Amino acid sequence: MPYINIRITREGVTAEQKQALIEGATELLSRVLNKNPATTFVIIDEVDTDNWGIAGENVTTLRKRAAEKKSAS
Amino acid sequence: MPYINIRITREGVTAEQKQALIEGATELLSRVLNKNPATTFVIIDEVDTDNWGIAGENVTTLRKRAAEKKSAS
Amino acid sequence: MPYINIRITREGVTAEQKQALIEGATELLSRVLNKNPATTFVIIDEVDTDNWGIAGENVTTLRKRAAEKKSAS
Amino acid sequence: MPYINIRITREGVTAEQKQALIEGATELLSRVLNKNPATTFVIIDEVDTDNWGIAGENVTTLRKRAAEKKSAS
Amino acid sequence: MPYINIRITREGVTAEQKQALIEGATELLSRVLNKNPATTFVIIDEVDTDNWGIAGENVTTLRKRAAEKKSAS
Amino acid sequence: MPYINIRITREGVTAEQKQALIEGATELLSRVLNKNPATTFVIIDEVDTDNWGIAGENVTTLRKRAAEKKSAS
């Protein structure tokens, strides 16, 4: 009866992609640990890019800088 | 000083129902473990049905299929 | 299919008390939101008192101070 | 590679304040435990006041009562 | 920069199995969402069977009953 | 009433360091968002290095490789 929580930034992930994550994570627990899919939960949290920080910066800023770099090159 | 996190699907839960969950969970920790309600936190996360999977399927799909079965019977 | 996570300090909670929390939380979700107990998860995390802080202090220190006050009175 | 999750009520926190939390938490882990900022994650969850309970009451109610007290005085 | 938290019962999972979960989850996020493995975290929480409830019962009890049924048949 | 959860690898963090994290996180929320320390929770989870993965590898392996590199140089 595993519980899998996937946290990602909210950046246009489609329902199909979420379904692929749910299927993949469920299959992973079944394959590696023989866990019963019927009682495997997968919960996806989409987090606003302002609310996710890495290396001391929020992802909004990181994405903007990456886009600027790209358009400058 | 317990912390209780209740995660449910976002399907029209009312403020009154949420308040009942908060009261019930606080009372539970007070009754079973004598925890002080003043420092008991209850946090409810409502998760979109596209983002919650069980048995390898998202809840949106599960709900649709259940509704179809019902209308077919 | 709710997921309930109860976090408490690790201070000698018995298996019977944990079972009471599991039953109580499952019953709460069933009563308030008509959630199916068969797919209700309750997970209890016991956290060392050194690892839990409130008001800027760890619970080890808070418990010690409370015990000293008691023995002093 | 720490993971820091800050959960607060959703009450008009600005992007600047969130960035200050991200910077402060990253700096804290670097200073105290010498953790590498490059692999330090900070995730801020903003929770609706209806969904956050303390002392058996939701924060919506607590805020309303505090406002009434203030205007009555 | 995804964060994946896998919660399972503590029942003799080996380091090799945990490594397989880490690899599989990282690969899943890379394949479905093109997420960079270098900043993908996977954290596995092993939870005592006394502390995990499903259907209002702890897993210790569920496992014992399943074993009794098996030995009785 | 913030809740801050700090997850780090279990690698000999002392009670003093944990206390510094608790103080620092509480002070951060007070300074940036004027949150009341009295109802600020900080919970530190120490995770075994076998159970924490980054870049598809567990931290046990990463630490071993880093130590080998060092002794080889």
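Which chain is which? They are A, B, C, D, E and F, in the order written, and residues in each are numbered from 1.
Going forward, a contact is a pair of C-beta atoms (placed from the backbone, for glycine too) under 8 Å apart; a residue touches a chain by one contact, two chains touch by 3 or more.
In this text the structure is predicted, and so the values were computed from the model without any measurement.
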Point to revise | For subunit D, the least number of touch steps when starting out from subunit A | key: 1
Check your understanding: When the contacting C-beta pairs are counted for A-C and for C-E, which pair yields the higher total?
Key -> C-E
Study note, to complete from the structure: For the copies subunit E and subunit F, the interface residues, called same if over half of the numbers are used by both and different if under half, are different
Study note, to complete from the structure: Per the C-alpha centroid definition, the whole-Å distance linking subunit A and subunit F comes out as 22
Practice item. Could you tell me the distance, in whole angstrom, between the mean C-alpha positions of subunit D and subunit F? Key: 18
Review point. Which residues of subunit A are in contact with two or more other chains?
Key: 1, 3, 7, 21, 25, 39, 41, 43, 52, 54
Practice item. Pull out all the chain pairs that touch, please. Key: A-B, A-C, A-D, A-E, B-C, B-D, B-F, C-E, C-F, D-E, D-F, E-F
Revision key, fill the gap. Interface with subunit A, subunit D side, in the complex: residues 15, 18-19, 21-23, 25-27, 37-46
Exercise for review: Mind listing the subunit E positions that touch subunit D in their complex?
Suggested key: 1, 3, 39, 41, 43
Practice item. Sort out for me which residues of subunit C touch subunit B in the complex. Key: 1-9, 13, 17, 20-21, 24-25, 28-29, 31-33, 35, 39, 52, 54, 59
Check your understanding: Across the complex, what residues on subunit C touch subunit F?
Key -> 7, 47, 50-58, 60-61
